[in-house]
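Shared chain: subunit A. Partners: subunit B in the first complex, subunit C in the second.
After this line comes the complex of A and B, so read on.
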């Protein structure tokens, strides 16, 4: 019997009809859809016991407490730690996806010299040669850590310089350091006891300070109330989210914050609304009115409104000396509800300038923001976990990524009390990495290790018998039988908190500061400048428009 | 006309054979567990009465799954029998300190989040309602690996049509939805897919 083309077509039609009454189409559709989820290049969490570890976010100096969900020894999820005394479970969108950063395509996986592959030995030899030939400048982005001690010791031993890059909060506290001699790293804001906060463009409710800290305070004391216990007055040129939720929004011309602070100070002195006397601003109220766009009467009304409920503190977004001087005049410096001193342990630090002359080598720690590009003739060694491009460093040295490095967490810049925590290395880097402290120790073997410094710091805390450990159960340090127990608790997510310092400090202001041009609002939502963003953060932060990304704002 | 009907019927017959007989055989490949295990024997000899005595919830509510080697080595640090499974367990795993690579019948894709604590403690479900009556089995059933999806046949269930299934046969999303509907518990997409 001859098989014709027509037979084949009829047979195929029969087979197709038959298949419809079998599970084949439906079953294969299901299986293929699952198969497509499991292609080799799609990252999958390891199979294994699921565990939750307490740690701290190390992406910025604020050091929020986090819970890390580990599957098979690898982090697969991050949430805020509700037992952390400061962020109390809140996190910024970046921290929620921080574990994804380690797998970013821009992860720096090998030493690079002028863009070409090199070895750690090459980098070490080049750095040692530079150190022998001239002074070295070491720049630290998160000062106060155990690793910072190693960096500073190396620079001092070599006759070089140790410089720091400020967080926005520390930067705003620099004028008080200048006038009082107290290091800015020892100062903080006692917002819990303030009754009126005048924010000069600071994104208090959408990106300033520790995530959740001020938002909670505002929710408890101000949200939804016509006459709130805590008055937030937002001075800002645009109706930002903070401005929209504030008790009062004062729209002024962009960049006129400094002028308005001077105007308020002039009214305070003219109308004798403050007990203290101080230098009178040179700027007249009429000049302030022209610069800010507010009428002189509006400035007077604003000043009276500010003084109606005290204590009052002004919060600046940068090192604006006029706003700091206003705080001095308001009596908010060294007083409850204002700028307070939280510790007496740190030393004055020199802020890094972008121009670094007369150096043979500049070493940038991985904590230095990616957009800090020094202008120098020196050979630049830059530690980084991610290569986001545009770096002019001669050497790019792969640093440990998120949760890959043991580090300690000193007090967050805006806190009114001293804290200390230890973030353990929960995972191992998938390729050879070194942090700057390890690298320097390999050049100078007499330097202490981070591990040793953390141990010594825990020992000091134990011997001081002061403060308490916050965790599931707050425990006074005096309850710990040994230093080992205290250190163990700290390494398991405990946070040491000091008692508030009772000692006050004073600022001497001889003349009203010169006008200052304010910069754009900065906070945790805009301060991540590594050039990489985890996919989860993109989803939460950019697409949901929680806060305008820098590039969108500048577009 | 008659010839055409015959050819059509032949096509239908081939498709039916392929769909109902050949596919199930070709789709799944049988894999043996690394060690033979008797649930019933362990329940009787060690006095284990409840599933959770071995498949426990941790203090924080997460599910420990199959017990770790540490639990087995409590009794099997040395051979306590002459069987081949006993020799394999002790020599290949307990003495070397390697975890037994059990093939997990109920393993779900990584995008599925499931809390045993909520279902067992809060909802009061019995283990058998999802997993079937493993506790009374004399031997481990053969693990059938789906060649395409890479998961166990137990996820889809043994019947390819998913009709007339016994309790605990199948763990597809639709099974979760059916049970939630039955118990009037609403869970959105993010309840299971975080």
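After this line comes the complex of A and C, so read on.
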């Protein structure tokens, strides 16, 4: 058969047309696209067995319950633990990117002395020498942990001092400690039973307390309702996120919260809206009006509005004694829906002052907020997982990062009931790290270990036969056959909760406190102890207009 | 039976915390790049703050999470894509972006009335070691492609795999939870199958307080919003990026 040029053309055209109805060209096109868009230098996720572990966020003292998705032994995702009795699955925005923090370029990877590399032995020798030469001050940012016991024991054994840095919630409870003698660390807010909350500039919906605790409560009882079961009245100079969502926003002049509290107290007493008698504020209503920018009538209306739905509690952003005194007058101290006592086990703690005189060495635990920079002549040893700069510490000692350390989680500062949890170390640090307790134990071998203290605490809980463990199914402690079982459950994400304390407490108020200048409200980004925020916080502060970069004070 | 996955976002519950934004970025392996700005960053879920346009004590603000609306009818991005890189999945109603097909022409970004599409200006990069923290269920995308919310398609796949392993044809909706929904601390975001009239989300979408953004252009978005406040509902007819200006027109509401 003779093949003509025409046959060749017809065959070629037919083959081309036929090929088009097969998947070959489309598959090739797809493969070329895939190949040309997946260059070798584009990072790819690592693979491995996927598992979900229960743990707790340790980046601030609130200790929210988290679910950690692990792949190939590394955390690849964080979500809130719905079985946690307090945060109930809710987390602050930063927690969702916390698993990337351990790889942050600011991670402290080796001991540094005045910015130069040094060894753990050098640091240990320098600290031991300081301890022999003079008193040592140890500062703890998250008191009540097993590690805190080690820090306190070391300081006491050496004749030094153990100091704590207050969270904003504990700071706001200090006036009650002064008036009642009950340690602030034993007090909490019973917001679940309150029907009106007067917040004086407190970011209740933006990082105050356990992020999920109040936001969930607000969402269930108040959000968007004209006549809600829970009235949130926000007194604040700016339209903050909490003010924007509040049932009523009361705009006042900046720093006049204390004056307004005095004004409300005066109206309460003048109009006999409360049964209690108490010292009358010296400030007249006219003076309050000038300071706050509200008219006297507006203050009277506000006071009546506050008293329309009870129980009422006022929440302060700091240790403002006038707001605390207002709570005393409102009967919100030691009563359901107010400030309640949650335990009877802690001791009075001394708050660290930023000026530390007469010390030879100051040791700052990694839980101390990064922006706490002591003014002292002593040699400063600072534990930190990240170096955000400007710490002014003589020694920077690399501490375990996120999920790298075994620690226990005592009650969060704002809680009305006692809780206890244990956060296991889920990942290994990629370089040598030590926490402050391990470091001190290497200097004084008679100190107990964190592991031993946690075990002893679990044993105490087991022996007390009180409270229950929250998990998928709440289990009374009495149901556990042995301490080991209880400890195992706690290490797997269980949370022990005490029964609410029935014992009340009282505050004696002899005179109305002096005016107080309120500090600027702080949100969750400022309560983080580490100096850095997760890289994905850029979505909030840099890649959107949602939040102002000045809100990011801590990092 | 085909589904129509959609959302109802209760704006009265949104506190503007931004947890949904961070959780979305973490789930979808979106890198945090130092050079990214509010104009060039990748934020498939973006919470915007808008006001009623008033000042002082009369000012009110609301937070609106903006994401791909998964338009049902005449989907603008699908119509303009020359590469068939965008398609509406008939089985789920999800508007899918296929990065492997995308040329990066950005017609779809221009066509999207909600400004919910983002161009990937840079190769994704993470500090050394941080790639170990990436979600293994989602591939990283190179520069030069358009990105958007795909309702956490990887999670849908996982739910399908689970259903298949149990011998079921339909997924259990409890197994398919998008990251933003999981992260929302107030439960403002609700997700469900709008094709199922018994689904609480479907019923909520018929609430008198529910609305859709730019409903008048007829694209039938599957993301609904809800608010009891009239001035917030009035925002629905403005362009999302200029919501505050539009809100000022209804400041007396």
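In the analysis below, the second predicted complex is superposed on the first by the 491 of 555 C-alpha atoms of A that agree within 3 Å, B and C clash if a C-alpha of one lies under 4 Å from a C-alpha of the other, contacts with A are read in each partner's own complex, and residues count from 1 in each chain.
Definition applied: a residue touches a chain if its C-beta (ideal position, glycine included) is under 8 Å from a C-beta of that chain, and two chains touch if they have at least 3 such contacts.
None of the values given here were measured: they were computed from a predicted structure.
Participant: Please indicate which partner A:305 is in contact with in the superposed arrangement: first for subunit B, second for subunit C, both, or neither.
Facilitator: neither
Participant: Between subunit B and subunit C, whom does A:248 touch in the aligned arrangement: first, second, both, or neither?
Facilitator: In the superposition, A:248 contacts neither subunit B nor subunit C.
Participant: After lining up the shared chain so the two structures overlap, which partner does A:7 touch, if you call subunit B first and subunit C second: first, second, both or neither?
Facilitator: It touches subunit B, and subunit C stays clear.
Participant: In the superposed model, does subunit B or subunit C contact more residues of subunit A?
Facilitator: Of the two chains, more subunit A residues are contacted by C.
Participant: Which partner does A:45 reach: the first (subunit B), the second (subunit C), both, or neither?
Facilitator: The answer is both, since A:45 touches subunit B and subunit C.
Participant: Under the stated touch criterion, which partner chain does A:15 make contact with: subunit B (first), subunit C (second), both, or neither?
Facilitator: first
Participant: State whether A:30 touches subunit B only (first), subunit C only (second), both chains, or neither.
Facilitator: In the superposition, A:30 contacts both subunit B and subunit C.
Participant: After superposition on the shared chain, which partner residues are touched by A:77: those of subunit B (first), subunit C (second), both, or neither?
Facilitator: A:77 contacts both subunit B and subunit C.
Participant: Tell me which partner A:223 touches in the superposition: subunit B (first), subunit C (second), both or neither.
Facilitator: second
Participant: Can you list the residues of subunit A that meet both subunit B and subunit C?
Facilitator: 30, 34, 37-38, 44-45, 47, 50, 77
Participant: Can you name the residues of subunit C that touch subunit A in the complex?
Facilitator: 10, 12-13, 15-19, 21-23, 25-27, 29-30, 32-34, 36-38, 40-43, 46-49, 56-57, 59-63, 99-101, 123-142, 144-145, 182-183, 185-188, 227-229
Participant: Report the residues of subunit A in contact with subunit C in the complex, numbered from low to high.
Facilitator: Residues 30, 33-34, 37-39, 41-48, 50, 69, 71-72, 74-80, 89-94, 96-97, 99-100, 102-105, 205-206, 211-212, 215-216, 218-219, 223-226, 239, 241-242, 244-245, 249, 251, 430, 534-540, 542-547 of subunit A touch subunit C in their complex.
Participant: Can you name the residues of subunit A that touch subunit B in the complex?
Facilitator: Residues 6-7, 10-19, 21-24, 27-28, 30-32, 34-35, 37-38, 44-45, 47, 49-52, 77.
Participant: Residue numbers of subunit B touching subunit A in their complex, please.
Facilitator: 3-4, 7-16, 18-20, 23, 27, 60, 62-65, 68, 107, 109-111, 146, 148-151, 156, 160-161, 172, 194
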